[in-house]
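Presented sequentially are two complexes of chain A, the first with chain B as partner and the second with chain C.
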Partner chain A sequence: MNLGITAYSELNEKGLYKNGILLLANEGQEPFVPFAKEVYRFLNPVYSKFHKMDELCKLAFLATEALLSEDKISSNAEGADVALILGNRSSSIASDLQHLESYRDSSNYFPSPAVFVYTLPNIMLGEICIRHQVTGENSCFLMQAPDGRFLYRYVQHLFEQEAYQQCITGWVDYKAGNYKACLFLVEKAAVNKPVLRKFDYDFI
Partner chain B sequence: MNIYSVADNIISPLGSSTEENFVAMLRGQRGVQKIEAGHLFPEALYAAYAGDLLQEPLEEEEAERANWKAYTRLEKGFIRSIAAVLRTVPGINKQRLVLVISSTKGNIDLIGREGTGAVGAERIELPAMAQAINSFFKLPHAPVVVSNACISGVSAVLVARKLISMGLCDHALVAGGDLLDKFILSGFQCLKAISEEPCRPYDADRKGINLGEAVGTMLISNDPALNTNKDAFSLIAGGGQSNDANHISGPSRTGKGLKIAVGNALKSAGLAGKELGYINAHGTATLFNDEMEAIAFSDLDLQELPLNSLKGYFGHTLGAAGVVESIITIRQLNRGLLLQSPGYASSGVSRSLNVLQENQQAHRLQYALKTVSGFGGCNAAVIYGKA
Partner chain C sequence: MSELTEKLKQDIIEHLNLEDLQPQDISDNEPLFGGAVGLDSIDALELIVLLEKNYGIRIDNPEEGRRVFQSVGSMASYIEQNRK
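What follows is the complex of A and B.
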């Protein structure tokens, strides 16, 4: 099956990019949290749940907002026809460390549901699914580095064997202030949208 | 292409082989026990703790090859479980074998430590943990790691099935494991999700979950000739995965996502709901999970099928749950014996379900449905068939 990338986005320490074009530079070289706030204001999704999210989810959320800003999940694809397949290395380590601080000292014991619910890497997929009403397969694969070969073959198989219409795939990782999200909207090449990049082993 | 589960192993508080576990369950033994206040957790609680079963040295000459100190408690459990499965297939071609690891928190007991002895601090990361296990067995291909909260185990089975049907490999070792650790206990406790007594899935008096720890391994393959134990042999007939798109820490009130996952599983298996004979459900014994499942199974017209939750035996074993419970599903299918669902006396869900109150003969079973749901709003379903 001939698949193509119809949109892609990247959020890293330098800025926010859509389809290879810089949308917002991190001119002040701000750390993630203040820069994420700037990106949020720039994209202006008006979504109050954003402010409750941990760093990993904010990163995934903002990159997805940029990815889908003009190409909302196309109207003819139902939520169940859309899959979400992400790679990640560091799991939810930032929230894990925050949860650790809340229970390791029994004289200062204060675990919080608001932190604990973010101590899984697939929560970022859940946040994306809620925001964009994606109800298809969502899988989080942990890997040392982005494995384009694996993600390409897996996503290709989803289209061929399970009749998915769209897939958001890519890499989202956050650890100790270092971060990178790069996401791709993959669709059948026949749709009425220009293919911006080839979807192949080297897509990521 | 038919894809099968051909061999399996479970290490849990009930034993360190599938047969030991299944026999204990048939006798009504529970892995969930009262654990006194102490090093595991400051308060007494009900949970399934596997103790040294996870880390006893390996049998045979493998023990000499292994530098056992170089592995964490969970890694030792994975290695023991995988070694038990590999012993049944001595001639397997490792060039065509991939390891698929399912875990939510991996070596979470390493968090906040600088590394312990021969184990480096980097093993807190799931890919590093998986690589350590992969290297022990000298497997030539990189491991695949699935971390989809409580559905990880069933996800991993479905990923293995895809890897084989994609032609990436002929065999996949699916190993699921998680620890009973203060990190997880303190978290579920602050969610007020832990029961202070043995859990009671679907019961009117259910008060939440018991946590547990276990490791389970299944060998999934396109070669049925690898099977040497009929009880462990099953067709993976179909599967599906979905998201509720509703809430990150609570299930959909309508069972929407679970219905999509079961619907996709039936469709991919080419089966109608009425061809199923039994459901091994998620049944965590939280108010919301069990209610959501009851609505979904009822809407799918599966409410009359005999159903159990195995959480009363194993506790909720997180990343191991989907694997361990799949293995026991396959045992029940092949033995024609369904297990009592522990803790159930009277219905506490709004739709009627056929929850098993005692062990039951079921010789005509052909297909069984296994479902799971988890944080992040994810759901998965897999159908096992008698092979």
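What follows is the complex of A and C.
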């Protein structure tokens, strides 16, 4: 099956990019949290739940907002026709450690439910699915580094065997202030939808 | 009491990361759940933690929690009555 990338986004310590074009530079070399606020204001999604998310979810949320800012989930595709397949190295380690700190001291024992709910990388998938009404398969696979071969094969299988129409795939990783999200919107190649990049083993 | 309600509003905004709200946006008797403030079930658990951590008051009975967390005003009244 001939699949192509019709949009891609990246958010890293240098800035926010869409289809290879810089949208917003992190000129002040701000740490993630203040820069994420800046990106949020820039994209202006008006989504108050963003402020409650942990860093990993904020990263995934903002990269998805940029990815789909013009190339919305196809109006022809139901939410069930859209899949979300991500890779990640550090799981939800930032929230895991924050949660651990909250109950390490038995004399000051106040674990936060709002932190605890983010102690799984799959939560970022849920946040994206809720925001964009994606109800198809969603999975986050832990891997040492972005594994284009694995992600390509998995996504290709979804299109071939399960008739998905669109898939958001890529890499979202956050650990101790180091972060990178690069997301790709994959679709069947069609005349009316320009393919910006090939979707193959080397897509990421 | 009004000093306490103002502090509670600030505490709630900070503790629940309600960055779109200012203390003056929350009226004393406005419902915290299902209204414009729009708290959810995780926020309800955070309010229980907030009461225990900041005011030393523990709520074990869910029915009591439902009554206490109706509004900032009802929270302030409960704190005034139960503060140690």
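Methods note: the second predicted complex is superposed on the first by the 203 of 204 C-alpha atoms of A that agree within 3 Å, B and C clash if a C-alpha of one lies under 4 Å from a C-alpha of the other, contacts with A are read in each partner's own complex, and residues count from 1 in each chain.
Keep this in mind: a contact is a pair of C-beta atoms (placed from the backbone, for glycine too) under 8 Å apart; a residue touches a chain by one contact, two chains touch by 3 or more.
A quick note: this is a predicted structure, and the numbers were derived from the prediction, not measured.
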Answer with first, second, both or neither: which of chain B and chain C does A:1 touch in the superposed model? neither
Identify the partner contact of A:176: answer first if only chain B is touched, second if only chain C is, both if each is, neither if none is. neither
Would you sort A:33 into first (chain B), second (chain C), both or neither based on which partner it touches? neither
Looking at A:139, would you say it contacts chain B, chain C, both, or neither? Reply first, second, both or neither. first
When both partners are placed on the shared chain, which of chain B and chain C touches more of chain A: B
Go through the superposed model and pick first if A:25 touches only chain B, second if only chain C, both, or neither. neither
Mind working out whether A:113 is in touch with chain B, chain C, both or neither, as first, second, both or neither? both
Check the residue A:48 against both partner chains and state whether it touches chain B (first), chain C (second), both, or neither. second
From the superposed pair, tell me which chain A residues show up as contacts to chain B and also as contacts to chain C. 111-113, 117
For the chain C and chain A complex, residues of the former touching the latter: 16-20, 38, 42-43, 45-46, 49, 52-53
Mind listing the chain A positions that touch chain C in their complex? 48, 51-52, 110-114, 117
Sort out for me which residues of chain B touch chain A in the complex. 42, 104-106, 108, 111-112, 124-128, 130-131, 142, 144-149, 155, 159, 162, 165-166, 168, 182-183, 186-191, 240-249, 256-257, 260, 264, 268, 374-378
Give every residue of chain A touching chain B within the complex, in rising order. 79-80, 84, 89-91, 93, 96-97, 99-100, 102-104, 106, 109, 111-113, 116-117, 119-123, 125-127, 129-130, 132-144, 147, 150, 153-154, 157, 161-162
